[in-house]
């Protein structure tokens, strides 16, 4: 009975982090196994979002509410991860846009955005 | 009085939730794009409206009520327009409704 | 489990259970979408799924009490990122090559890394625990003293703009740099083409949707007004410069999509946008310099006014304005450059074929 | 009742998600994303009431406003060159016309 409770506690207590790891690995797989540059950038976005989820999950407190002060509420979630992630999201879209711009320029110069073909063109033979 | 409002709100919420699920089933089960857009276009707007009205009956203060009304108005304006634009674009691009071609096959 | 765990064992209470259930369901949806993204070759479908992924993660952030983060994700995910990706694939091609390089090796690497990370999570404090180290360091100071030191109820804004103002300054500079870099990469000489020629290309795709034009015309003032509300209400509710900037830019982008890029460029000329990009960063930095010259530390707003709380309010207002300015103009600049590049290429192709 | 409605919304989201993954046409996916967006607006409104702090409806307003932008954006780009002749993946439905 006790062991069963422990397992349930571990499952519900760590589920968010496991999902974070799974999402992170999916993003990682897309980045290393796919040759298409746009797909790689989308993989990076997934990776990035998993980090956001990780931070926000860590900041959550049981029974807490959003960190905006109000009367008769005493328990708030941790505001610090929210601050970091809020700016990270906007920085993330700016850097993603930079990546996409690079992909457009690569397409214009090489005529393709597939990694193997570009490498083949760079090192013939 | 409170109990009446609670019951009416519950009815609206349940009806709205039911319509949303119906729309979901519709988008999944219907055979082609135009029937699907019909299913979601109708139930989405109505379901959203019912749920928002159900919430409006429970608001604690006026500001929340105003925000809910804004959301409701936006939904009523934007959803039909988006659906219309989508259907028009699909028709223009040459995606033809299923019935025309499959009538004789009994599909 | 062992006694080093930082929490009382998680008990599943009635009121907690529904939030836990929603949390688990949303995260499972995210995983489904992520796997579907791996499998798909059609980049258009991938981008649509990425849009859903953004919607889902915003819902998740709301359930995790991170309303400000959800707000940002909502405005970025729904407004900008999908559009930028679509513009890109309309230039680079819609389908991915079917071959993957060394999928087995990649799978092994991913599997091993993932197992190690999951092994690492076993030592973590349970989710939601109030005794975890992260909850005990600086966060209590922010929560307990924000009202007396800064005087605004939204702790996220007070931490963003005042306690960690220098951090945010760095982020704004990064956004500025990214905007400038995109501009440098995709710049097109607009003067090269005759305006009439561009107008022809513009109008051909827009004139038919009368209803869309009408509703967009009605909607754009609302979006702009809402952006201003978000900008100035950020002290009291979710919102602030980052969100407001993105929403403002989204309204301009909607305008340029419905009425054509060239019309939008006539309304908001690109040189002014470029100027505003730098002006926001400068405003932010100069607030810091002014507080330095008035005898405080860099970005210490207490010295800006006789009353420290009033000084904090003034400082936060100004730097949020700077942030909003930079973010909005960088987003507009990025979109204008992407879209301008696309129009330019289409004109070239049009010329070649005729 | 709030919880029942929330669960209903989650079910509808799941069904829309499946349609978004399955496709098969370009427009089905846009429709699925649009529906998903509406459901997200409702979900965020409801969850505010479920958690007892309904003053954060601003997020739902953002989605209500910006969903339109993404649909219009997608349609805008669907007119562009890359997408015009695109039925080599639309295998089932519209091929038989």
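Every chain is named by a letter (A, B, C and D) in the order it is written, and numbering of its residues begins at 1.
Just so it is clear, a contact is a pair of C-beta atoms (placed from the backbone, for glycine too) under 8 Å apart; a residue touches a chain by one contact, two chains touch by 3 or more.
Everything numeric in this text was worked out from a predicted model, so none of it was measured.
Student: Of the pairs B-C and A-D, which shows more C-beta pairs in contact?
Tutor: B-C
Student: With centres defined by CA atoms only, which chain is the most remote from chain C?
Tutor: B
Student: Need the CA-centroid distance for the pair chain B / chain C, whole Å please.
Tutor: 28
Student: Could you grab the centroid distance between chain C and chain D? Build each centroid from C-alpha atoms only and quote it in angstrom.
Tutor: Result: the chain centres lie 20 Å from each other.
Student: In whole angstrom, how far does the Cα centroid of chain A sit from the Cα centroid of chain B?
Tutor: Centres of chain A and chain B (C-alpha means) sit 31 Å apart.
Student: Could you tell me which residues belong to chain B and also touch two or more other chains?
Tutor: Residues 78, 81, 85 of chain B each touch two or more of the other chains.
Student: Could you say which residues in chain C touch two or more other chains, in rising order?
Tutor: 65, 67, 87, 89, 91, 93, 212, 215, 219, 237-238, in rising order.
Student: Please list all residues of chain D that touch 2 or more other chains.
Tutor: Residues 13-14, 30, 32, 51, 55-56, 58, 61, 65, 67-68, 72, 79.
Student: Quick one: which chain pairs are touching?
Tutor: Result of the pairwise touch check is A-C, A-D, B-C, B-D, C-D.
Student: Mind pulling up the chain C residues that touch chain D in the complex?
Tutor: Per the stated touch rule, the residues are 18-19, 22, 25-26, 29, 32-33, 36, 42, 44-45, 48-49, 51-52, 55-56, 58-59, 62-63, 65, 67, 70-71, 74-75, 78-79, 82-83, 86-87, 89-91, 93-94, 205, 212, 215-216, 219, 222-223, 226, 230, 237-239, 243, 247, 250, 253-254, 257-258, 342, 346, 349.
Student: So in the complex, the part of chain B that touches chain D is made up of which residues?
Tutor: Those residues of chain B that touch chain D are 9-10, 13-14, 16-18, 20-21, 23-25, 27-28, 31-33, 36-37, 40, 44, 47-48, 51-52, 54-55, 58-60, 63-64, 67-68, 70-71, 74-75, 78-79, 81-83, 85-86, 89-90, 93-96, 98, 100-102.
Student: Taking the touch rule as given, give the residues of chain C at its contact with chain A in the complex, in rising order.
Tutor: On the chain C side, the touching residues are 1, 7, 9-12, 16, 20, 23-24, 27-28, 30-31, 34-35, 37-38, 43, 46-47, 50, 53-54, 57, 60-61, 64-69, 72-73, 76, 80-81, 84-85, 87-89, 91-93, 96-97, 99-103, 106-107, 109-111, 113-114, 117-118, 121-122, 124, 126-130, 132, 134-135, 138-139, 142-143, 146-147, 153-156, 159-160, 164, 167-168, 171, 174-175, 178-179, 181-182, 185-186, 236-238, 240, 242, 245-246, 327, 330-331, 334, 337-338, 341.
Student: Mind listing the chain C positions that touch chain B in their complex?
Tutor: 209, 211-212, 215, 218-219
Student: Spell out the part of chain B that touches chain C in their complex, as residue ranges.
Tutor: 77-78, 81, 84-85, 88
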